[in-house]
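Both complexes shown next keep chain A, but they swap its partner, so chain B is in the first and chain C is in the second.
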Partner chain A sequence: MYALKKKGLRHATKREKRSWLFGILFILPSVAALACMVVYPLILTFLYSVNKVLLPNFDLEFVGASNFMKALGSSQFPTVLKNTLIWTFGSLFLRFVLGFICAMMMETGFRGKTVFRVLTLLPWVMPSIVASNLWRWIYNVDNGILNYVLKQINPSLAINWLGNPSTALVSVIMAYVWTGFPYIMLMLVAGLQGIPKEYTEAAQIDGANSVQVFWHVTLPQLKSFIMILTILEIISGFNSFDLIFTMTGGGPGVSTEILGLNIYRTAFQNYDFGTASAIGVILLLIVLVAFLFYAPSNKKKQA
Partner chain B sequence: MNRKTKRILLRTVTYILCIIIAAFALLPFLWGLSTSLKDNVEVYSLNPTLIPKNITFENYKAVFHDTSMMHYFRNSVVIALVSTLVTIFVSLFAAYGFSRYRFPGRAPLLTSILFIRVLPRVCLLVPFYVILANMRLVNTIPGLVLVYLIVGMPLTVWLLKGYIDAIPIEVEEAAFVDGCGPLKSLFLVVVPMVAPALAAVGMFAFILAWNEFLFPLLLASDESSRTLSVGLAFYIDETGIQWGQMMAASILMSLPAICVFSYAQKYIIKGMSEGAVKG
Partner chain C sequence: MKNKWRKLVALSLGICMLASLSACGKSDSEEPKPQEAAGEETPAEGSETGADSKEITTVTLWLGSWWDGEVDWLCKQFAEDNPGYELKIELQPIANYQDNATSAILGGQGPDVLALDTLFLPSMMSQGLLLPLDDFMAEAGFTADMFTKCVYDAGTNEGKQYALPYRFTCSALYYNKTMFDNAQIPYPDGRMELDEFYDICEKLTTDGKYGYGIAASKNDLGNTMTSFAPFLWGAGGDFLTEDLSAGAMTTPEALAGLHAWCDLYNDGLVPEGCINYAITADLFPLAMNGEIAMLPMGDSNIVKIDEFAQQNNFEWGVTLHPGYARAAGWSVTIPSSCKQVEAAEVFIKWFLQPEIISQNNTVLPGVIAAQDMGKWADPIYDIYIEQAEYAIHTPNTPAWSQIQLIVVEELQNALSKAATVEEAAENMNKRIDELLK
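Coming up: the complex of A and B.
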């Protein structure tokens, strides 16, 4: 069927044209939604990024690259970028460690495996706002359970986890890891199930121990899976908003502010839509580059 | 060390790891649940216990008697239901079109739908705000429904396409021979065959809409259109945060997600793991 496409519209038979027409009619509503709610907004973002947006009527005044200069030149930008990178890669690492341990345990198989899987999925199922509330309560200075436990060990260990610039980011990352590691586990379990049993058995017969089997058979087989997961996790790290916004609001100061929050604050607290859009374009480009790594590996998998 | 002790050792390590990870996964939720069932004295007690000493439903009652919370709850239900219906219809047509027909531009379009899933949604906030403001739809339910289309659609299109792909075309050809048009065939042949999956995907779309926070935070910021997720983030009264009530409301808000996942787990996990690879 794909061969037909090459012939071009003029040489298409009546039947092919009919098939095109039906296909296009079926996807029309979704394409319209895509055009109005994605393509058009993205065009606006690019447009605003080189303009000054005057409120309240959103009139535009062309300013060239000055929004980008302003965004990149701001004194907070390096901190925000650093936070974003720590947030993304720190949580990626921890999620993978936990997810991997879980997936490997599920593979070895033990009694209560199914129960374990269902229970560990719970954090992933939680709405982000509920996860945020649960952890805010745990981290609570006076009545939080974390400080209660720490006080039993040593009273000086109890600190204001979310209110202290040096611990706030790590504390929110822990909550973010909590909500995300079950997904990594699920995906890795699915990946592990895709490895033919003969491979590992053959290696075992050849005398490989379990570490060698893991390193030389399991891991290479999972490589493409891990690649895709890593890219998806990096993208969602860069895109995150909910947890940090509700747990610390980016504070204290800008100690937990990441790009997403920076855009929000620039746009809706400083009402500088132009600069916010410029930061948005920067974020978009980062994600687009990551996506381009994802899309080809995706195609290969489908074929 | 002989084989047997080695195996026992491995077993023990596995179980210990399991318990630690399960505790990490469960305790935050259980702690919230426990707090929600305590009275105020116990919530702020200096020696808290995981099991409440006297279980009380006061906090839950307080949430149900909170008129503004109930109003947010209604908003969330209406918005999530309507947007799920719209999303499912649009996605079903799209999935069928992409699955059964070949037309110019098909592949790039599919990739663009995939791209929405990874799009930084914060970038869309400013344009969405401007678009909705121009249409006078800020702080209205129709405005949010429109925006929620892109929350659910990418995933539902890809999941449904996968399920429709799995149905052999021959099944439909029989219907075509009998004189069915494509639309009739979609609803009379395909939909009944994917019904369970469709239900699961629909529930999933509902949960995505139910949990959504960023868009309503900005686009439904007034009392009348505020959703539960936003209301819960700012659930504070003049005396500060009432943690007992806060936990009760949080547990209630997570219930739909927990129910849907326990029912539709099979489909969603399958779809998600295929989704990571395919879309």
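Coming up: the complex of A and C.
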């Protein structure tokens, strides 16, 4: 294929052309599947975002940018966007910190490592509806375990975690971090196992301490893993919905409302598919920015 | 030779993959005809009736998951009473019920008969997701006065009837007699004034026990309305102006209602977590544990509390709720995606007969004649029939789902002190007016 690309299809031999055709034939099902499942909904989303969608037949009435104006002009949009960014990048940072700590612990041999591994994987295998209800009970101000423990230490430490606008977002982020860090940990463990022992040994012989080994050897070796994980986590963060919906419903007020939840409400509770699509397009543009950061660095690495 | 075989196998695999992909989607011409879609047992058009040819028409019905115990007898009796038909009940959890129903209808996969909470009706009727039932009603002999009025009215849009109530519910005031005895307070009897109610809550609140419980959860808006609306209406206020064209949350009466409800929270007479609580999921267990003395409670929960009280040695009573309770109910509807309208009508006509609907042990019937038949003749339910006189349905406007979200968000702001009650009321009105403009 590479030779054909270099030579051009016109100058290719019959055998090379046939091989190229076979290649095309093999990727055709995947292309068709992608077109059905990704491209078509994407086109529809763009189409709906500039139209008023009339139910039940999804008739369209062109309205130009009015859906975008409606979405952006809402008095709550700045707060919702701010919440989404805090939610996404805050949880990304904390998941990485927790994931790194656990991955490094996995790499050091200690007794009870297997039990530790199973325990750290539990949050990830738990269905999100169970996890969100579990955390809702933990945070319960009247009978929750967290406040019970805090009251034993000092009664003034017990607060209304989910009912106070200043603590609600941080509380749901902690629950979200807990449900997702094992995935980061697993990926980083895989990355760590791929780093040749000689590298760290050579650095240690040269007198590098643990922090220097981590900073100058381990971290650069994990760069590609970190890049991929960052992109996936950003996408997952922006698309979040179920955990917040169950724990706070976006409240109190709009203190935990994020774009994913906003899209759901606009589409399925207000039946305004046009504005919901416009918010979706805005969300897509924000996620694309993350890709723009990723793509050049990846290209540079490949070169 | 070996290479040739490899290519041949690869080619056949590729074709298989393509074929399986193309099988995933069907063109319009391949779509089953309406009657075929119901199952191969459905009689074809122009053939003998289902009964004569022994072919069966399957009517699909969506009900809430709490109807679990009623499925067997409903299916059996429907088939017995209606030869040629059978009933297939698909139970749905209440979480995302409306969204699931909407998605199913828009995708052309909705049931033949769809049970809907009256709260869901305004937006679904206005979006053309339900079929009008006026002709069917005339043919079947159903009239408006056969149903509990406030629930029946919730199914009316622009003069057309889209929903027929099979369930009526409203909350009466449950109280824990033992807690009243301990506080040496006489039991409540009849509708209290809001001030009197506040005083009683104050007396009952001691040592981690609370006089009352309010629900202000944002993920169960209906529950929050059940909790808040009695105070708003009780003080003489309302959500919207009479012609439903603007918000009415800043009138002195509405402000008094808002204060009456918010003061209970801000003065610590209800649990602190109420800002994020729903009635059934959070407050009901607290009431069962004797941590809450009074709670708005519907007919279905009263039976459960009775069982629990007997096991845990406390006594309880139920009386009229202060103010006006939020009238609610569930109705049967025919979604616009229904492919067997005639069969759906056969089911509705059968289901709403007083003799049939009164046999259910799950919900208080919305058919008036059935309300004193069977289990529902038990005096325990009398209070709910009495409460119906002091029950109001939330405004019947297509924008209601958005309005109640606005109200709940601002209520939470007032409870969490992110805004004063007056600021919250101003914001509600401003946002409602913008929405209705």
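Before moving on, here are some points about what is shown:
One rule holds for everything that comes next: the second predicted complex is superposed on the first by the 246 of 303 C-alpha atoms of A that agree within 3 Å, B and C clash if a C-alpha of one lies under 4 Å from a C-alpha of the other, contacts with A are read in each partner's own complex, and residues count from 1 in each chain.
The rule is simple: a contact is a pair of C-beta atoms (placed from the backbone, for glycine too) under 8 Å apart; a residue touches a chain by one contact, two chains touch by 3 or more.
In this text, all values refer to a predicted model and were calculated from it rather than measured experimentally.
Residue contacts after overlaying the shared chain place A:141 against chain C, while chain B stays out of touching range.
In the superposed model, A:25 makes contact with both chain B and chain C.
Touch criterion not met for A:202: it reaches neither chain B nor chain C. Of the two partner chains placed by the overlay, neither chain B nor chain C lies in contact with A:69.
In the superposition on chain A, A:121 makes contact with chain B only, not with chain C.
Measured by the number of chain A residues touched, the leading partner among chain B and chain C is B.
In the superposed pair of complexes, A:287 makes contact with chain B only, with no contact to chain C. In the superposition on chain A, contact is made by A:225 with chain B only, not with chain C. Of the two partner chains, chain C is the only one touched by A:160; chain B is not.
In the superposed pair of complexes, A:130 makes contact with chain B only, with no contact to chain C. Taken together, the two complexes place residues 22, 25-26, 28-29, 33, 36, 58, 140, 142, 245-246, 264, 268 of chain A in contact with chain B and also with chain C.
Residues 7, 10-11, 14, 17-18, 21, 24-25, 98-99, 102-103, 105-106, 123, 127-129, 217-220, 271-273, 275-276, 286, 291, 336-337, 401-402, 405, 408-410, 412-413, 415-416, 418, 431 of chain C are the ones touching chain A in the complex. Those residues of chain A that touch chain C in the shared complex are 22, 25-26, 28-29, 32-33, 36, 55-56, 58, 75, 136, 140-142, 160, 162-165, 245-246, 248-255, 264-265, 268-271.
The residues of chain B lying in touch with chain A in their complex are 10-11, 14-15, 17-18, 21-22, 24-26, 28-29, 31-32, 35, 43-44, 48, 89-91, 93-94, 96-98, 100-104, 106, 109, 111-116, 118-131, 133-134, 146-147, 149-150, 153, 157, 182, 210-211, 213-214, 217-218, 229, 232-233, 243, 246-247, 250-251, 253-254, 257-258, 261-262, 265, 269, 272-273, 276-279.
Against chain B, the residues of chain A that register as touching in their complex are 1-2, 4-5, 9, 19-20, 22-31, 33-34, 36-38, 40-42, 44-45, 48, 58, 98, 101-102, 105, 108, 110, 112, 116, 118-123, 125-135, 137-138, 140, 142-143, 145, 148, 178, 182-183, 186-187, 190-191, 225, 228-229, 232, 235-236, 238-239, 241-242, 245-246, 259-260, 263-264, 267-268, 273, 276-277, 280-281, 283-284, 287, 290-291, 294-295, 298, 301-302.
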